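By written order: A, B, C and D. Residues from 1 in each chain.
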Amino acid sequence: MVERLDQLFVLLSHWLVSFLPAGLQQAGGILIGVVVIVCLYPALFAIAVLMERKGLGRMQNRYGPNRVGPYGILQPVADGIKSLTKEDIVPLSADSAVHFLAPLVVVVTSFMGFAVMPMGRNMVLVDLDAGLLFYFAMGASTELAVFMAGWSSRNKYSLLGAMRAVAQMISYEVPLLLSSLAVVMITGSLSLTKIVAAQNSYTGIFPHWYIFTPWGFAGFLMYAISTTAETNRSPFDLPEGESEIVAGYHTEYSGFKFALFFLGEYVAMFSISGLGTTLFLGGWSAPFSFLTWIPSWIWFFSKLMLSICVFIWLRGTLPRLRQDQLMNFAWKFVLPLSLLNLLVAAMWRFLGDGWERWVFCSAVLLVAYVVVGLQEMRSDHFGPRSYRYVE
Amino acid sequence: MSVISYILAAITVGGGLAAVLLKNMVHCALAVSLAFAGLALLFLDLDAQFAGFVQILVYVGAVAILVVFAILLTRSSETPKDGGVFSPTWLAGLVVAAAVFAVIGWAVLNSVGGLSYETAVPAVTVQQIGQELMGRYVLPLEIVALLLTVATIGAVIVAMHEKEDAK
Amino acid sequence: MTPLAGYLLVAALLFSIGLAGALTRRNAILVLIGIELMLNAANLNLIAFWRYGPHPEALTGMMFAIFSIAVAAAEAAVGLGLVISIHRHAQTADLDEMNRMKG
Amino acid sequence: MLIQEVGSFHPQYVDGPFVTVANFLWLIPALPIVASGMIALLKQPRRRAAATLSIGSLACSLLLALVAFAHVLGGWAHGQAVRETANFTWLRAGAAQVDLGWVLDPLSAVMLVMVTFVGLLIFIYSLGYMEHDENFTRFFCFLSLFAGAMLGVVISNSLLLLFMCWELVGLTSYLLIGFWYQRPSAAAAAKKAFLTTRVGDIFFLLGMVWLFSQTGTLLFYDGGAGSMESEALTGLLAAHAGLGLTAAGAIGLLIFAGAAGKSGQLPLHVWLPDAMEGPTPVSALIHAATMVAAGVYLIARVYPLMQAGSLAGGTTTALTVVTWVGAATALFAALIAVAQNDIKRILAYSTVSQLGYMMAGLGMGGVAVGMFHLITHAFFKALLFMGAGSVIHGCHEEQDVRRMGGLKSNMPSTFVPYAIGMLALSGFPLLFSGFWSKDGILEAAQHWSMAKGPFYMLVCGALLTAFYMTRQVSYVFFGKWRGDGHAHESPKVMTIPLAILAFFAITLGAVGTPAWPWFRAFLDDRAAEFSFGGFHEPGLLALMATSSLAVFLGLGLGWWVYGNKSPQAEEPDALERAAPPVWVVLHNKFYIDELYGATVIAFYAWWAKAADWLDRRVWGGAVALAALLFRGGAHLSRLCDTYWVNGGFDKGCEELANGGGLLARVQSGRVQSYLRLLALAVVVLAAILIWSSRG
């Protein structure tokens, strides 16, 4: 029973595919997967938006949206309808072609990430050998789209916002890659299913998730910071800094294109946190040995929603970083430590089993974090703000 | 050359042509990134999976952005082109390019025509590439690593905004 | 016409387009783009020869392409850096005006 | 000067206990020369210093000469003839070397004493004579120089050193003859003297060089290797020199030519009478005693060479030539002297004739005969000249005998020694030295094996000598005073030397009488014993009788013709009245000067003109031609430079430069054009490769 429940969707798709002629079956299976992903994640998007607004409200000691439907449940539906019906205003001087293309590219590249994501046991659309590389390749092209958006709307604020966004995404893409590389080094393969399989084992009741290893935890920390920056969320949401540059690169967008941007943003958040769970939180594997009977995909999506909650939580608490603080933090704190983490992972792998490697790796990482952290604190970046006026 | 490859080839060549012919610089940049993406797909079509993804990651991800940044920093997109986008001696350039294409095309048709290998699809795994990188190509890898660091530092220094200029 | 010849022809076409771009366009960045195109055409050649060559398992073609991509990226970075510094110095990106190295 | 060896002696000669004399022999000529150098540096008014310097130096030389003479005399007395030489290498050129040196032997000792003694007397005499002359110091400087040179000739052991001093003597004679160079006649006479002696010197030089080439050395005596020693002479005899002459004979003749020039023998005698233009002491010293004697001394010095090859008693062609020239000169000069009116010119011709006697004596009788007559002649001829000098001084520079006369009474201290001198010269028998020395020559002439000619010529000469001397004395001292003003006696400083010389003119004869032939023995290194047996030579007494007869005949004839008559200055001479054409010929000196003028001088003039023409036309033309060529060449190179080089080459370089410019344009700085060229090159390359591979 548990097995059937677990493989519910897989069996379902097989069943659907069986109706197709043999030649098309394989294509048909993939098509079904795509359709599922394209429908599932916007739904999750709606729920996430609601959660965010309700969560933020609660954090800020106020109710969230509670007018539309009982306890504001139908708010996302209202937003959706609003965005569809709103007039789509395109500035005259805007570069219409690029202006139109930008949101599309954003959304498409965001969704591409899910192709290689193992959402459950045997529930991966395409099991690429270089899955992680594919994911990062797709992730890299979002910057171009953001730039297209910013530039095409011929608006100072949007251009400035786009520039900031691109700079930020580029800066944090490197530590993102490096921290995930640690996982690749340990498992020895770029394929995400192998990574999850490597974590899907238990000693006693505790799972072999990478997060419970010193380098894993440090890596996850760096990964988390990079992801928040990569998706322009919470402390790093300078591009849409309302107070300074209106809505950043999607100022000139309205109506459905704006909704698309919004959707793109959230889907990117989902995919990047999904990657995080597969790399560090064991993907679809159960947290404890005795909970393996619960279907794998439930674990995947619960971890996913947990990450989203963390994002919302972060947004509610941390103040926005300044651009130079943000950049310095990336290049002077996150990048060096992720490089160090890579080294520590290498040492971890070759020190062999036994308690020495635990102590050694954790000691090294602890010392590094403390030293670099203090050094960062003392530097003026986080001190009072220094103004440079245009001469 | 399957249908898909033809399509992809068409996309790539179209992107290339657009990059060369378009007036607006940013459009050229985007066209060229399209060409890069098309090329990556061609690589995939040629079963060079790793190369394709690296192509996307490097070219579409980084170089395109770089080009765009360059365009913005040099304000090439706004300056009105008085003499037109093409240099005065564009015809000579065109002729030369055509000659080059003719020669290479002729060489290709005359030489490689005989080499028709219908070989099996080489199943290349990232594992193998890793082995190769760390095996036979470890020296080139180190050198490329060094080259990249030097290039980055060099580019930064060259393009850096000297202090005295600021005054 | 074998598939290999097809790919080679596409590469040649792409190469000559890149060359035409480099030769005819006034703007320095466009010349760099042209050069990038020519480089990519070369990579395509490599991969095509690797794929349809006698020993695909030797991976030489692909490895070569990968290294070439890496180097090309470095080159692009330095090239654009140069263009930016020239622009800052000479206030122009127009290639014809950058003839201070005249003989 | 590197004194190579002290002195090489003949083994059989053993020198005296004390230091060899030859070592300090060079001092004798050196002193007067140094003195002349110092006088030359003095200022003109420093008369006293000049006089003391020159007389003092000559006195020292005289002392040294006497010491040397005593040394030689001592050696001779011990029966060892002394010949000490001191030779040294003067020049060394590769293998050949030229040695100089000096020798002390009886011949040079005698000459040393004679020259220094007579010189000293003449120096003292000239103190008085030159008192009023403002160039007093210059006169004494030249005199000392002359004395030094003459002594150099005497002591030199090398023909080269002799030749050098010979030239110095010639120079000083020129300077002294032309002492009063303001007078054109004196200057001309000096020049004439110098040139005619030069003619003789050239032959002397030729002879010397020939001797050097044959024998390899110019030293007379060099321990057996000298040119006058037997070994060299045999070598010379062996070599033949054409015309039947041996090398020795030929060299001898050449050297005799030099001597003839200096001693005024027949062909080259013209300069001696004209040399009387110089001051009288000069004439006395140079043209009576020493310089003219140098020629005779030279022949005596090289006598072994001249005599080489003659069998016992026989004679060589060289000596016969000497004899005939000597005899001819003697007669010829005596004839001319008879018809002269100038007091000094008469004495000059008498000197020429006496030199002829000496040469003849050397030629026939050997060294001793010639040298004895030389010594005696030096004394009484110096006496006569100084006497004439004091007469001229007394008659206020009057030289023409026809304007003098009757000086016997107012110039007695001059007249007496002059008369003694005249008698000695004409050879008054028994008492005077002239008789014995002339007699020796006549004896030699009588015994001469070749011919009797010279004997008769010499006897006539003796007669004529007596005749013209009595003519002169009667004109000057007897008869009435025909000059203007009145003659006064010369001061003591001039008359004392006359007296001294007169004394010697008489006593010197004793040394050479047949009874006690000391002089001949001294020179020929034989013992001399005193015995009247000497007179018993066969025919000696007869010879003495004939010569005395000739002398008495001359004296008597002279007194008879001229006696105390003292004819007026304008009256023609007694002889002239008797035989006018003979007188004219004799008076004009046989027109020898005119002859030379017509022949030699004419020839030279023509030759000079020819040389001048040659130089101006031929060589000048060649130079002009060369100049023309050069200018043409320069013009040509300018032409080619402007048209060919500038035109062609430079223009070529310009083209190249422009071409360069063209090429430079390719570097246009536009990157795309470079890229285009690059691509084009690739295309071409590929095409070539394909085309070549296809083929």
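Keep in mind that, in the parts below, a residue touches a chain if its C-beta (ideal position, glycine included) is under 8 Å from a C-beta of that chain, and two chains touch if they have at least 3 such contacts.
Note that this is a predicted model, so its numbers are computed, not measured.
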item	value
Nearest-to-centre chain - CA centroid comparison	C
Cα-centroid distance, subunit A relative to subunit B, in whole angstrom	29
Distance between chain centroids, defined by C-alpha means - subunit A, subunit C (Å)	34
Separation of subunit B from subunit D, taking each centre as the mean of its C-alpha atoms, in whole Å	122
Computed distance of Cα centres, subunit D from subunit C, in Å	117
Touching two or more other chains - residue numbers and ranges from subunit C	19, 22-24, 95-96
Set of subunit D residues in contact with two or more other chains	670, 672, 676, 679
In subunit B, residues with contacts to at least two other chains	50, 54, 62, 69, 87, 92-93, 96-97, 100, 104
Inter-chain touch pairs (all)	A-B, B-C, B-D, C-D
Residues of subunit B that touch subunit C when the two form their complex	1, 5, 9, 12-13, 16-17, 19-20, 25, 28-29, 32, 35-36, 39, 42-43, 46-48, 50-51, 54-55, 58-59, 62-63, 66-67, 69-71, 73-76, 81, 83-88, 90, 92-94, 96-98, 100-101, 104-105, 108-109, 112-113, 115-117, 119, 122, 124, 128-129, 132-133, 137, 140, 144, 147-148, 150-152, 154-156, 158-159, 161, 165
Residues on subunit C engaged by subunit D in the complex (per definition of touch)	19, 22-24, 31, 95-96, 98-103
Parts of subunit D lying in touch with subunit B, wherever the complex brings them together	670, 672-673, 676, 679-680, 682-683, 686-687, 690
Complex interface listing, subunit D residues touching subunit C	664-672, 675-676, 679
Touch list for subunit B against partner subunit A, complex	24, 26-27, 30, 33, 37, 49-50, 53-54, 56-57, 60-62, 64-65, 68-69, 72, 125-127, 166-167
